[in-house]
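Listed below are the structures to be examined.
Both complexes shown next keep chain A, but they swap its partner, so chain B is in the first and chain C is in the second.
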Partner chain A sequence: MSLLIKMAWLNIWRNKRRAAILLMAMVAGLVGVIFSLGVVSGWISQMIDTAVGTTESHVKVMATGFHENPVIENHFVPPRALHEHLRTDARVRGWSDRVQVSGLLSTADQSVLVTIIGVDPVAETTVSVIPNAIVKGDFFTAARTSQIVVGDRLAQRISKGIGKKVVLTSQQLGGELGAAALRIAGVFDTGNSGFDEHTVYVRKDVLQDMLGMHDEITETAIALHDIDMTEVVSNDLRRRVQSEHLQIYTWQERLPFIVQTLSLSKRMMAPYYGIFYLAMAFGVLNTLLMAIGERTHEIGVLMAIGMRPRNMILVIVMESFMLSALAAAIGLTVGSTLVLWLGHTGIDLGSLAAGANYFGLGRTLRPQFDPGMTAAAAVATIAIGVIFSLQPAFHAVWKTPVEAMNSRNA
Partner chain B sequence: MFDILRIAWRNIGRNRRRSVLSAAAVAFAVAVLCFSMALQQGSYAQMIHNTVRNRTGHLQLQHVDYWPDRELTKRMTGIDTLMTAVADTPHMVAAAPRIQTAALVSSDDRTFGATIQGVSPEAETMVSTAADKVITGRFLTDTDIDGAVLGSMLARNLGVSAGDEIVFVGQAADGSIAAGTLTVTGTIQSGMSEIDRSLVIMHVRHVQTAFSMPDAATEIAILLESDRVRSAAHDAIADCLRAVKAEHVAVVEWPTVLPGVEQSMKLDWISGLIMYVILVCVVGFGIANTYLMAYLERIHEFGVLLSLGMRPRLLSMLVYLESALLTLAGIATGLAAGVPIVMYLNHVGLNFGKQAETLMASYGLSAVVYPQLSPLVVGCAVGIVGGVTLTLALYPAIRAANLKPVEALRHA
Partner chain C sequence: MPLVSVKNVNKAYKTGATEVHALRGVDLDLETGEFTAIAGPSGSGKTTLLNIIGGLDTISDGSVVVADQDISGLKPRQLHELRLYQIGFVFQAYNLIPVLTACENVEFTMLLQGVPRDERRRRATEILDRVGLTDQMHRRPAAMSGGQQQRVAVARAIVTKPRIVLADEPTANLDSQTGTNLMAVMKQLNEEEAITFLFSTHDQMVMSHARRLIRLHDGRVESDTTA
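== the complex of A and B ==
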């Protein structure tokens, strides 16, 4: 057996250039697959991070009906049991009670339709990235209460900076119109232009006053330490807070869009990776047929002096196995390094940022290393090497020793 | 020269299996690239079509300072003059004036923020598909000065349906309060929840009066025969505007109005190209072995040719021609196989299934995509495959050019 392995190994390097070229083909293929796996998984996770990190959070508690129809009539007063449970659950990183309504933001020159989110600034910091995405001013200061924090796109559109006054108008709980004059305390930039143009933050108590509410809120956003615990934590919550007026949603339920993208991208990418492997398979087949064609005579001699066809096949398959294993190792190293490095530095989408927003991305794309899929890609490379060596291997022992020895060339 | 070609062709036939396999790989790569690029182009065409028909029109006339503030103070006036001026521009199908603004709308006991779109009903029907999306009641007509069409969710939230009255309050162009009463004539459903939750379509005349902006509009949307004539039409319309001395009006193209759509297509195209080049490299290295072997196994024979007086340059050309012919045969086969398939799919469409429908709708696509073959697609496919493989074929050709007859003859 060890002799056969040695034969196979030496056979590979009989034509170094040819082996190197095949190696390059397989390495290029594997690196391409690992890279695109990294890009897709980075894209999806960024999409989740952006949505979950800005307003969605991992788990949300809402009044029944608010999910389908986000209007202020669908409000609730957070039950004590909910807060107590959240305080004692170690998996919970933080939570934020919010009031969310749509309304008009007006300046002397124009009115813009916006989503108004009323938050407690400290609590919001534990669940959302917005307090850390402030580019000008602060995410509310202690000094004044009538403050508003707007996105940079909106600030540009209304040509207003820190300290300038705007008016918010929305319908009160009773049906009357509520309005409040607020000064801009801070400007945030999430990289998502649509969000930055149409979302504003005010203090929860200010918004509650404006809307004629007392302790009522429209949602409790809950952030977890570990996104994978979403299902478990939300099920615990459902058991703890049993009320027909309240619904508990996981981010997957709130963002079916992302879940669909995930499943569609998997379905769409499968044939695409298949093409890469097919291209590799072709390289293996082409090169091995060539290598064996040259050795027809020699194979005939080996068989004439008593080498079993089974062992001959084994040598050829082994040859391909070792070469593709080597390709898998190199490809894995190069591909993973590339993905990890680009994940670290990020790919700057610069001038195409508005387009990237369409795919739920910000200005930079960070590919993400997916160990499971990457390992699978490497294993598939080796499998291709083995499977596509079978035909040439059987072909090699097809001829009788005499026929083989008589042939000078393939 | 002809002889060299013939020799090269014959040499390809010397190892048929290898040649066929290599040409097949090239053909495969060309066909795959044609198909997937055509699919991309087809989906872009659909995105453009939907963007243009549902939202922007191909071109828009706007006040020169309208972007990015989009204030009512930066509006166009003399709408009838402008409409007449551009009416006969080549490639133009229809034009419709619009006013975009925001206001609060109320029913008896509820109030919501809304996006107001003032339209000229008959003209709007020619330019956009808004009227096709009416699910209850009917779209506005030119005589419905006080009518309104509401997004379906907005209508539900307000608790109103066709025949009911609503009130709107907003900020007029001069800063005063704009208000008025409207009668709902119908509701529309676009499928995009933020639109269905906030859109109010009303008669442009009503908006002009209520918002103190007589004879004005914030945009005139122009529909063209196709997106291809966009820049030609742009120039023609700019000339028309100059002729009527409308200096305050600019012509902008839809990518300026909605940059995200065009940039997302560019991003998709560029990332696609990167992956195609990697794929073609994999195929290319697979073929490079064929090229190299075809050279290495005949070194002795080349030595003989050189000793007989064949010029190294000619020999190198022969080696390169063999690779090139093989590649070209592959490309031709690939096109012959790929083009009819893509044409057929262009005819019947490629269905991604019910499951993908809502997701694709959010990218402005329907579940059936029609791949589109164009010179660009064929050019890119042939260019990438040909470029990579013909570059790889240079290596044996260069080696052949530097072959020493004596050493070559000694080569086993």
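== the complex of A and C ==
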């Protein structure tokens, strides 16, 4: 057997240039697949992280009706059982009670429609990326209460910096207008320009005062240690906190656009990978047919001296397996290294960033290494090599020894 | 019972609408231990006859019995077994496996028979020593002369101890001295190991080594003489 393996290995390198070209083509194909898998995986991950880490979270508790009609009339006072459960559930990373409302941010010369989010600054750090996205100032300071944190795009638009005053206006619970004068304490940059231009954060108690509320909130945002536990935790929560006044939503339920985009992207990528592998398959087929065609006479001789057709097929399939496995090993190494490196450094989307924002991406795309899918891509490369060697292998033993020996070329 | 018995064998090839008769009513018996040459001009049917005896080609009519088996009734798998265990082949163009060394080439048929690795290596080394190629064992065919390659081919053919070795113009690609040396090696193996040799040739030197000479002409046995 070892002699057959050696024979198969050496057969590959009879025509070094041809073997090297096929090897490079397979490596390039696999690297392309691994890279695109990394990009899609990174994009999906970033899209979810951006959405879940800013306004959304893994699980949200809301007053019944707020999801469909986000007005402050749809508010609730968080029941004690909810906080007690969240405090004891080890799967929960943190939670933040919020008041969310639409309003106007005004300066002396302009007004901008914004989403106002009232938060407890300490609690918010456990669920949101905003406290870590501060590029100027702070995510609130202990010294003053009348503070506001704005996105950098909004700060640029209104030409106001740290310490400058702005006025927030929104409709109160009773229908009157409520307003508050606030100073900018911090500026955040999430990389999502739409979010950064139209979202502001204030202290929850300040916003509640402004809106004529007491302990009422519009949502409790819950962050988990593991995003894959979202469904389980939300179901547990539904059982524990049963109230007709409260609704519990997962991020998938809140963000159907993202879920549909993920599903669509997976379906769109399938034919793309199919084309990659088909091109690879025809490369293997063409090369093996050429290589075996050149060896038809020799195959006839081998069968003449007693080599069984199944052994001949085995040698040819082994040749393809070895070449594919080598391509898979090199492609896996190069592709994984590329994805891990770009995942670390990020890909600057430059002029594409504005368009990428629409898809929940920032200015930098970070490909993400997906071990399972990457391994599957490598296995698929080997499988393609083996499957598409079968036809040339069977073709090789189809002739009788004399027919094969009499043909110098197939 | 002769080792090889060819009875009234006809072989016709069709090339388009034309039928070419390569063999016409050939009768031939070959006993164990013979050292026989089939001579004749190109197109006389020498190679066809060897291919038929070797189970590589089929007959149109007649019967061929080799090592007690009527090969016209054998299935492809049985023909493989016959060639692997009962027949050794030596080809005009040596036809060694270019990617394997001389020793590995000789081991190859034993590998196909399932002989254990150590036993293969021992027997290959021994047989290469018999044909005077001990120092060439680890060379690949491309690094060897034509005579050396043909001696490796002979070693490959006899290492499995076949009942008969069929050699198709084994000296055709060799110079006269190398050809003479090769014939001496084959004759020695025939005499010492009692291996039956049947070879085709149109080389007078080869004919002079043969103990029995069968002449073919236009697919018919023209003469059959024993020295």
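What we mean here is this: the second predicted complex is superposed on the first by the 410 of 410 C-alpha atoms of A that agree within 3 Å, B and C clash if a C-alpha of one lies under 4 Å from a C-alpha of the other, contacts with A are read in each partner's own complex, and residues count from 1 in each chain.
Methods note: contacts are C-beta pairs under 8 Å (C-beta built on N, C-alpha and C of every residue); 3 or more make two chains touch, one makes a residue touch a chain.
In this text the structure is predicted, and so the values were computed from the model without any measurement.
Novice: Tell me which partner A:99 touches in the superposition: chain B (first), chain C (second), both or neither.
Specialist: In the superposition, A:99 contacts neither chain B nor chain C.
Novice: Using the touch definition from the top, say if A:113 reaches chain B (first), chain C (second), both or neither.
Specialist: first
Novice: Given the touch rule stated above, what does A:222 touch, chain B (first), chain C (second), both, or neither?
Specialist: It touches nothing on chain B or chain C.
Novice: Which of the two partners, first being chain B and second being chain C, lies in contact with A:202: first, second, both, or neither?
Specialist: In the superposition, A:202 contacts neither chain B nor chain C.
Novice: After lining up the shared chain so the two structures overlap, which partner does A:246 touch, if you call chain B first and chain C second: first, second, both or neither?
Specialist: Neither partner.
Novice: Now for A:157: first (chain B), second (chain C), both, or neither, which partner does it touch?
Specialist: first
Novice: Report for A:47: first if it touches chain B alone, second if chain C alone, otherwise both or neither.
Specialist: The answer is neither, since A:47 touches no partner chain.
Novice: Tell me the contact category for A:287 with respect to chain B and chain C: first, second, both or neither.
Specialist: A:287 sits against chain B, while chain C stays out of touch.
Novice: What's your read, chain B or chain C touching more residues of chain A?
Specialist: Of chain B and chain C, B contacts more residues of chain A.
Novice: Touching residues of chain A toward chain C in the complex: what are they?
Specialist: 1-4, 6-7, 10-11, 14, 297-298, 301-309, 311, 400-402, 405
Novice: Under the definition above, what is the set of chain B residues touching chain A in their complex?
Specialist: Against chain A, chain B makes touches at 15, 17-18, 21-22, 24-25, 28-29, 32, 68-73, 101-104, 106, 109-115, 153, 156-157, 169-171, 175, 197-198, 259-267, 270-271, 275, 278-279, 281-290, 292-293, 296-297, 352, 355-356, 358-359, 362-363.
Novice: Which residues, counting only chain C, touch chain A once they are in their complex?
Specialist: Of all residues in chain C, those touching chain A are 51, 54, 56-57, 76-77, 80-81, 83-85, 89, 91, 95, 97-100, 104, 107-109, 111-113, 117, 156.
Novice: For the complex, which residues does chain A have touching chain B?
Specialist: Touching chain B: residues 15, 17-18, 21-22, 24-26, 28-29, 31-32, 35-36, 39, 69, 71, 102-104, 106, 108-114, 156-159, 169-171, 175, 177, 193, 256-257, 260-261, 263-264, 272, 275-276, 278-280, 282-283, 285-287, 289-290, 293-294, 349, 351-359, 410 of chain A.
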